[in-house]
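Below you'll find the structure, written out as structure tokens, and then a few comments.
The first chain written gets the first letter, and so on, giving A, B and C; residue counts start at 1 in each chain.
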Amino acid sequence: MSVATLDLDLDVFSGPFDLLLTLILREEVDLLELSLADVVLAYLDHLEARDELDLETTTEFIVLLAALLELKSKLMLAGEHEDELIDMEPEQAAEELLARMLDARRYRAAAGHLRELLAAEHGVRFREAPPPAHLRRTQLEPEEASQDPTALGQAIGRLLALPPTISLRHIAIPRVSVAERLGHLRRLLARGASFTFDEAVRGADRMTVAVTLFALLELYKRGEVDWRQSESFGEIDIGAPGRLAQNGTPWGNGTHPGAGAHSGNGTPPAQRLAAVAP
Amino acid sequence: MSEAARTVEALLFLSPDPLSVAELAQAAQLGEPQVREALATLAERYPAGERGIVLRELAGGHTFASDPASEDAARRLLSRPRTATLSPAQAETLAIVAYLQPVSRPEITRIRGVSTDSATITLLERGLIEEAGRSEFGAVLFRTSTLFLKLFGLGSLDQLPDVSQWDPTPEEQTQLRERLLRAGDARGGNAAPPGADAPDEPAESLARTGD
Amino acid sequence: MSEAARTVEALLFLSPDPLSVAELAQAAQLGEPQVREALATLAERYPAGERGIVLRELAGGHTFASDPASEDAARRLLSRPRTATLSPAQAETLAIVAYLQPVSRPEITRIRGVSTDSATITLLERGLIEEAGRSEFGAVLFRTSTLFLKLFGLGSLDQLPDVSQWDPTPEEQTQLRERLLRAGDARGGNAAPPGADAPDEPAESLARTGD
């Protein structure tokens, strides 16, 4: 079973893992509101239930989760100003992260204190009987025109104000879907000739590169494509099964293209995936 | 004071209604003679005319009441005029109802971004808004009342102030309702889980923007 | 018992909320020193641990409460638990609101790192927090309520301990900082701004386990 179909039942999301990823990328699920620990637990449960460790899908899971973790930590660091985190030096980021960790720790401890306070008040009740009617004088009729209608207009004005977008835009996520990249690769495959990964993603941004790699993995799993990398740091050649120009194993010199070997521009695909979070 | 008397004292204090000996005995898990003894102890502790709280025996049983001598002070305390000003939540809810009426609670919640139940209930109680039938999805709709017009010194709803002077983006031509919903969504107004406001009507706002 | 003490006793008995000295003085038409004296008399009359009713100083005022020893009997009588306990998420959200009020939901979410909506809604429904206007960005702000102080046995927010008391020691903080920096170094290129392709290969070690 691939990670994509891992079934999740979380507070903010219930469904397969790949749908969750899609929704996060489309900003329809707020990553800040997602407990990644729960995702890990769900995966561990799943592994336990299957009683076997599939290294390939586990790797896929870890890489995806690492990307999500990084993206989330950056989101948590992001202030109101979008450029803030992009400019952040490692030391600065560490300071900021430390401050956040201290905050979280502080209020978790404070929460414990509140629970103790509440427990100490166990059994203390207050009288809830309404005061006798004869002691409650009838309310005076409110005066005519005693309220100012401009308060209503002001309230509407406040409600019309759009909040500043603290969106994921600074993470530069274009709305690109696996399905769309699958279509792109299939169109290239349909031309018959083999092509390189770099050709497939020419001019594309990092997110598109990452999603294209994801789509490529998917096609490979479905047996629709072969790919090969003849040397480390070399091009990844992609073609329909059996149509790749060279003979031999699809892995060339035995290096899995997704496993750290470098493609043409010096960036290994796995790193591109991790680099989804810039 | 015996433990039985303390328990009976606590029960009489908490209960909004008079309690019979049998009821007290059952709650305190005591025999009726013990309860009677406890009541006798309490009668000594709360002698008539000497305390602010009096122990009374009524038809239904025993109860604590305030001393009649303190009634003037009690009236002054309890009839403190309720503040006539609206809380921010009430003002926002009332403004939404006034400008968009008829409007459903889920829609108000979506625009405000928080559950609006208590504000809506208060406005209903104060007679500023009233029910206006149901939406095609079954949610209660609200509109402002005649009392609302009176309190705000308005001859009719047409006299509601023009929003444009407070509008952060007055150049926008889109309908007010649609813009409010959009701003609400942008603020995270959809965060209320289904069930927080019954029933959820995702399509309604869209349906109605065509009005 | 003086007439002043009787009146104050009656008022405390009738009022659903804790009453401040000023409120008592106004309703009873007494001077504040007289009210304080009356409260001292009452404190003697209701010594802790000896009566079914106790005099408490809560939420900036005085109020009567039942003695916790009567809780079992009270639960049998009223067949309703006092307050449900707080879930960890609710307690954390409540702590953040208590210490940082007024605070918005996005801010709470940022500190907790996970969704806070359902906890916030529950706390609102239980009356432990309430709305306190909107932030400059339009998010609803929350603060704790009088009921919060009452139920948590607090006279005022000042009685909450300084939140920094739960911070790690400076040495521990230094260690944490170093660990974070090391982690940052290990990640290397990923910290580079988008656009510039990273020279390092942070994901490689992970990816290679799949070989």
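Keep in mind that, in the parts below, a residue touches a chain if its C-beta (ideal position, glycine included) is under 8 Å from a C-beta of that chain, and two chains touch if they have at least 3 such contacts.
Predicted model only: the values in this text are computed from it and were never measured.
Undergrad: Which chain has its C-alpha centroid at the greatest distance from the C-alpha centroid of chain B?
TA: A
Undergrad: So which chain ends up in the middle if you average the CA atoms?
TA: That would be chain C.
Undergrad: With contacts counted as C-beta pairs, which pair of chains has the highest total?
TA: Summing C-beta contacts for every pairing gives the maximum at A-C.
Undergrad: Measuring centre to centre with CA averages, how many angstrom lie between chain A and chain B?
TA: A distance of 40 Å separates the two centres.
Undergrad: I'd like to verify one number: the distance from the centre of chain B to the centre of chain C, where each centre is the average of its C-alpha atoms, in whole angstrom.
TA: Going by mean C-alpha positions, chain B sits 22 Å from chain C.
Undergrad: CA centre of chain A versus CA centre of chain C: separation in Å?
TA: 32
Undergrad: Taking each residue of chain B in turn, which ones touch at least two of the other chains?
TA: Each of 13-15, 66, 74, 78, 112, 183, 187 in chain B touches at least two other chains.
Undergrad: Would you please write down the residue numbers of chain A that are in contact with two or more other chains?
TA: Only 125, 127-128, 130-132, 135, 158-159, 161-163 qualify.
Undergrad: Can you list the residues on chain C that touch chain A in the complex?
TA: Interface residues on the chain C side: 13-16, 54, 56, 63-71, 74, 78, 82-83, 85-86, 88, 91-92, 94-96, 98-99, 106, 109-118, 134, 137-139, 150-154, 160-161, 163-164, 166-168, 173, 176-177, 180-181, 184-185, 187, 189-195, 197-198, 200-204, 206-211.
Undergrad: Considering the complex alone, what residue numbers of chain C touch chain B?
TA: 1, 3, 5-15, 19, 23, 26-29, 50-53, 64, 66-67, 69-70, 72-74, 76-78, 105-106, 117-118, 120-121, 124-125, 131-134, 138-140
Undergrad: Where on chain A does chain B make contact in their complex?
TA: Residues 125, 127-132, 135-137, 139-140, 142-163, 165.
Undergrad: What residues on chain B touch chain A, complex-wise?
TA: Those in contact with chain A are residues 13-16, 65-66, 71, 74-75, 78-79, 81-82, 84, 86, 91-92, 94-96, 98-99, 111-112, 150-154, 159-163, 165-169, 176, 179-180, 182-184, 186-187.
Undergrad: Hey, which residues of chain A end up touching chain C in the complex?
TA: The contact residues of chain A facing chain C are 11-12, 30, 32-35, 55-56, 58-60, 62-63, 66, 70, 72, 76, 80, 86-88, 90-91, 93-95, 97-98, 100-115, 117-128, 130-132, 135, 158-159, 161-164, 166, 171-172, 206, 256, 258-260, 265-268, 270-271, 273-275, 277-278.
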